[in-house]
Amino acid sequence: MKILVLNPNTSAAVTARIAAVVERFRRPETEVVVGQISHGPEALESSYDESLAVPHVLAAVANANLQRFDAVIIAAFCDPGLDAAREISGIPVFGLEETTCAVAMLLGNRFGILTEQPHKVAVKQQHIRKHGFDARFASVRPVGMGVQEIATDPERVARVGLEVARRMVEDDGAEVIVMGCASMAGHADDLERALQVPVLDPIAVTLKVVEALAELGVRHSKRGLYATPAPQQVK
Amino acid sequence: MKILVLNPNTSAAVTARIAAVVERFRRPETEVVVGQISHGPEALESSYDESLAVPHVLAAVANANLQRFDAVIIAAFCDPGLDAAREISGIPVFGLEETTCAVAMLLGNRFGILTEQPHKVAVKQQHIRKHGFDARFASVRPVGMGVQEIATDPERVARVGLEVARRMVEDDGAEVIVMGCASMAGHADDLERALQVPVLDPIAVTLKVVEALAELGVRHSKRGLYATPAPQQVK
Amino acid sequence: MKILVLNPNTSAAVTARIAAVVERFRRPETEVVVGQISHGPEALESSYDESLAVPHVLAAVANANLQRFDAVIIAAFCDPGLDAAREISGIPVFGLEETTCAVAMLLGNRFGILTEQPHKVAVKQQHIRKHGFDARFASVRPVGMGVQEIATDPERVARVGLEVARRMVEDDGAEVIVMGCASMAGHADDLERALQVPVLDPIAVTLKVVEALAELGVRHSKRGLYATPAPQQVK
Amino acid sequence: MKILVLNPNTSAAVTARIAAVVERFRRPETEVVVGQISHGPEALESSYDESLAVPHVLAAVANANLQRFDAVIIAAFCDPGLDAAREISGIPVFGLEETTCAVAMLLGNRFGILTEQPHKVAVKQQHIRKHGFDARFASVRPVGMGVQEIATDPERVARVGLEVARRMVEDDGAEVIVMGCASMAGHADDLERALQVPVLDPIAVTLKVVEALAELGVRHSKRGLYATPAPQQVK
Amino acid sequence: MKILVLNPNTSAAVTARIAAVVERFRRPETEVVVGQISHGPEALESSYDESLAVPHVLAAVANANLQRFDAVIIAAFCDPGLDAAREISGIPVFGLEETTCAVAMLLGNRFGILTEQPHKVAVKQQHIRKHGFDARFASVRPVGMGVQEIATDPERVARVGLEVARRMVEDDGAEVIVMGCASMAGHADDLERALQVPVLDPIAVTLKVVEALAELGVRHSKRGLYATPAPQQVK
Amino acid sequence: MKILVLNPNTSAAVTARIAAVVERFRRPETEVVVGQISHGPEALESSYDESLAVPHVLAAVANANLQRFDAVIIAAFCDPGLDAAREISGIPVFGLEETTCAVAMLLGNRFGILTEQPHKVAVKQQHIRKHGFDARFASVRPVGMGVQEIATDPERVARVGLEVARRMVEDDGAEVIVMGCASMAGHADDLERALQVPVLDPIAVTLKVVEALAELGVRHSKRGLYATPAPQQVK
């Protein structure tokens, strides 16, 4: 089995962190290529950033189809281009946010998402609404740090992340915490020990689920939401 | 007041049709520029098509800010790039789908959307879920024609559109019909006469609402969902 | 175009305040008559108060139809008699609450309502549920003042209103604030400056939307919720 | 215990039918006064009709408080004036629609409502949304007859009612049928026998529940939705 | 009329408390047998506990059918075995949680549940979701005491219960409080006096509703959720 | 890794069918024990049947904890005893229904469930409501056959199953079909070929997901819904 884990930004440092998680969790017989998009932003902190990245994500997904990968993971928690990627792809494509939230619902009554900046609270609420997962959603809370700061100040992430996640658990009724940012995910184990609830690293969880479903040969439906696009004239 | 009505595809024929609606409905004192994106697909029939168009939509919106427009309308029913456009824009940006559905809820208990192809049913259901409008949504039904066919066979659109819209009204409880495709919108008046319920042309409705709100100086919130993006390194 | 803005209570002072907003925001070519009901309570602070006002609202709406108005606005935030008015009216009738909340959903992820008394929290939650707008509703919070007190102590309204609205923005995730009381609406501009999110004056917003939709000739659906009543014997 | 069952219209024939049901089902020790409003429409088939009846309903409820009744039932399926009545009443007030639907949820997964005219479908959908009972609501279907016709053509009501109710049971998943019109309620037993699911006569169900709750001394909450109105100047 | 009130645990002390409530509230002509299951846990504080009790609950319900009872009440707030009991029973079976929450929705906008232990918050949220009552649900808050402690330290229950219920009323918008534990129910009157909102004792409320519905001859639907089980081979 | 796949009924034939699926899909290095409960019904077609099986399911889960299994799958589509099993288990426990529906939401907009008997429609609707998956749920439709008949008349299952699933796809908007009965699951491949949408065999899907999550060491949250039960006196 051959899986493409695609970092949908152009930060080599982030790609390296993703690769480390993949290396730790992939099954020995799974071949995983960890790549990044050829052009685009170094971090995706807005819909705008995502919009710039998505055409390159789609090119990479198209290429993965040609290269006979068995599945693709778009490895940022905002799932940039996921619907479009599924439209143009015969092989299954999975996103971190959608997959990890679905798994979280198997582990407790309500889940919470730890995010970066305060404005992401509204963004995640919109995504949860789009997924239709509201009934099982406890809350989303931000650590109040940007992607860059998260990468360079792990101590503060650890401290603030614990405080914030604890509020989700104790005040908002979250029984499971989803690390809503690839850059924070390395803190999952520590948080889990401290809070005594499952804390999910989206890359690890998604990788394992995709290994499982790809092995089973499951594909996404091409009938409605992900129907293959009709050819268009593109100027 | 100066409004940009942006056709987010590269079909000059569609742009001309939009311009005709704009010309019919704009207030005399409203200056409206009807434009289209510089590059991209001729029609947007999938998320994939939209993904290719969006970077050009965003460039046009950024430009409209520089040129001191008072508002922008993204004039396709799928609202391509709307969230991202609002992030980067100080002037208000409106989409046809979101605006027209909001207006439809002021006119009757439940609204229905007339769409093009069968696979769009799922797409519209997802959009309605994202908007949180499900409680007032009757159904979406397709005419079973592509954008091209809709443009070239108006007689069939009229006939099938009436049949399909009638089923939404009689079987699904739609009290208001939203023409879910800019290319079909020219049939709104005929449908309205035949069905005796409001049938909304999204371009007309959105233009009038935007004139109204722009005059009032209303802007979108920049606090959460549409927060101004942090600067990124783009490779 | 000729619009009736109907104050559904008998307070001349409130009617005057409404007239001032109308005068400020109406388009020059829009003829607006600002009226009030002939009999009824001086303020509507309960369903009971509304029930006494509604027959007089309906009489005024019927009269506006005879006098060839193009649209009617029922100018209190509780939308008293709106459904019944639409039943008996061929011309469109709009309410402040329904219209302003629909517009708020175009401007941010979730909106909050600033209301008068604590017991209004439950009332507004019920209304939002009836509208089906829950998914986009942040919260409603009261300033803890009655209509009379709001009219006579603007300083306190300003101070408490800011505190309360700030909690909606910072704690409840409101990206847009709706002034849920015609008497408070004069504070909208100050709140908007202080909070840096859109703060909507329902009279201004509704007036502009109604000018727009009336110009377009949009009417409410007469098929279901607003079907014309069958004649009854009335004793 | 002394209960007022108030017919909120001025049809003596309807009042008599209500009285017959009451007489059949009341406990011997329950004193029930069956009354009707002093002025108002002979039938309530629209929000407009209800608006005209409500002030008289409220007067009757106020009077029932003075005359030391223990509870009031507003005996039409549209619950006209229920919220306002609860505001001004210290004794509990119940409506047929709200009470019967709540009981229906104790008897099966989803309930259906049999209503009169097609336009009532939207009205009932709105009411169910206001009550927040959507998750347990199968459908509402009309017999396509007005109140007058229902009263005068019982044979047709029986035949069409059975057809329509059967569709709710077989096609819409209704496990319980609520007779959504006081005038149809006499057919409940026959329908129940034919369909082999519970068919609820709202007057009978509400009367029994009210006897039970009044005996227990349960009252509605006066803290929020039903807070006692502040005194107003009424011109 | 003959009703079985079944304590679904093996605590004679709890059975005695239930019997006291029943004795206080039953109508003189209602014959009520208060029983308990023959084997099983002394208290039901988990799904596990319930699972052990349910087969004995079902045996008792089957027996009540043979002994020509008119109705059964399963007298613990978790409604253990309710769906299965309705399947095998021709006579109506009611649960405290479902019935009391349905009644609470007739008395105010939103209700809150006072529960025992913190982990019960998630359990009650799940139950409310299953019932489809979320739209009318304010919150659930725990007193932080086990069933045993609740029985033996009434003073602490009274003090903490008041604090916690007050938070539901003042912070969460509960207009009605449901005592979510048979053992706490004796404090309902005191809480009601202190908080000035209805506080419902589930045993009292359910008993009265069941007397009422049984008198009316209402039964649960046997068509879907409670269809009579097909015979099985049981090893 | 060592997984217990527990058939929660006493049919050796069903256990054998489950074992065949497991054998086909398990990874070579996964040790799977396929077992069945020691006592209980031969088929679970009702809540009543489940109630009899659950104590034996719980005993088996407790035993699997002692025997150092890594995970347990309760292998019937009704997830009998799942919540209680998670309470008493330190190792993760998964159910077919919950897991397969969560996976289905990763593969298309809405999923449909193929079930056995008509009365199961309501049961599945209740389960979906409990899971909070309604927003992504297309419908459930029955083949109209009992478990026994399904096992003995595969030809009819194939024919009727295809018809019924096709209606879910074409009429109800299901993009993914979930085989809602372990006994029907063998037809998944044929249905998938015929309908050209993913058709999920719950045993296969759940097995793969559990292999994946167990490898990752994910456990369910013990904080709320699945908190470890306090010890009880059991008579």
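Here are a few things to note about the model shown:
Letters A, B, C, D, E and F name the chains as they come in the text, with residue numbers starting at 1 for each one.
Here is the rule we go by: contacts are C-beta pairs under 8 Å (C-beta built on N, C-alpha and C of every residue); 3 or more make two chains touch, one makes a residue touch a chain.
Please read these numbers as outputs of a predicted model, since none were measured by experiment.
Taken together, chain A and chain F share the touching chains B, E.
Among the other chains, the CA centroid farthest from that of chain A is the one of D. Among the other chains, the CA centroid farthest from that of chain B is the one of E. Looking at which positions face the partner, chain A and chain E present mostly different ones, since fewer than half of the interface numbers are shared.
With centres defined as mean CA coordinates, chain D is found 43 Å away from chain B.
Distance between chain B and chain C, defined via averaged C-alpha coordinates, is recorded as 27 Å.
Averaged Cα coordinates give chain A a centre that lies 51 Å from the centre of chain D. For chain A, residues that reach two or more other chains under the stated contact definition are 108-110, 121-122, 126, 129, 132, 134-135, 173, 175, 223-225. If you sketch which chains touch which, the pattern fits none of the simple shapes: not an open path, not a single ring, not a star, and not all-to-all.
Pairwise, the chains that make contact are A-B, A-C, A-E, A-F, B-C, B-D, B-F, C-D, C-E, D-E, D-F, E-F. The touching residues of chain C, counted against chain B in their complex, run 25, 27, 92, 94, 98-99, 102-103, 105-110, 131-136, 169, 173, 175-176, 196-198, 200, 204-205, 208-209, 211-213, 215-216, 218-226. Taken together, the chain D residues at the contact with chain C in this complex read 10, 39-43, 45-52, 54-55, 58, 81, 83-84, 87-88, 117-119, 121-123, 126, 129-130, 132, 146, 223-225, 227, 229-230, 232-235. On the side of chain A, the complex with chain C involves touching residues 121-122, 125-126, 129, 134. Across the complex, chain E meets chain C through its residues 108-110, 135, 173, 175.
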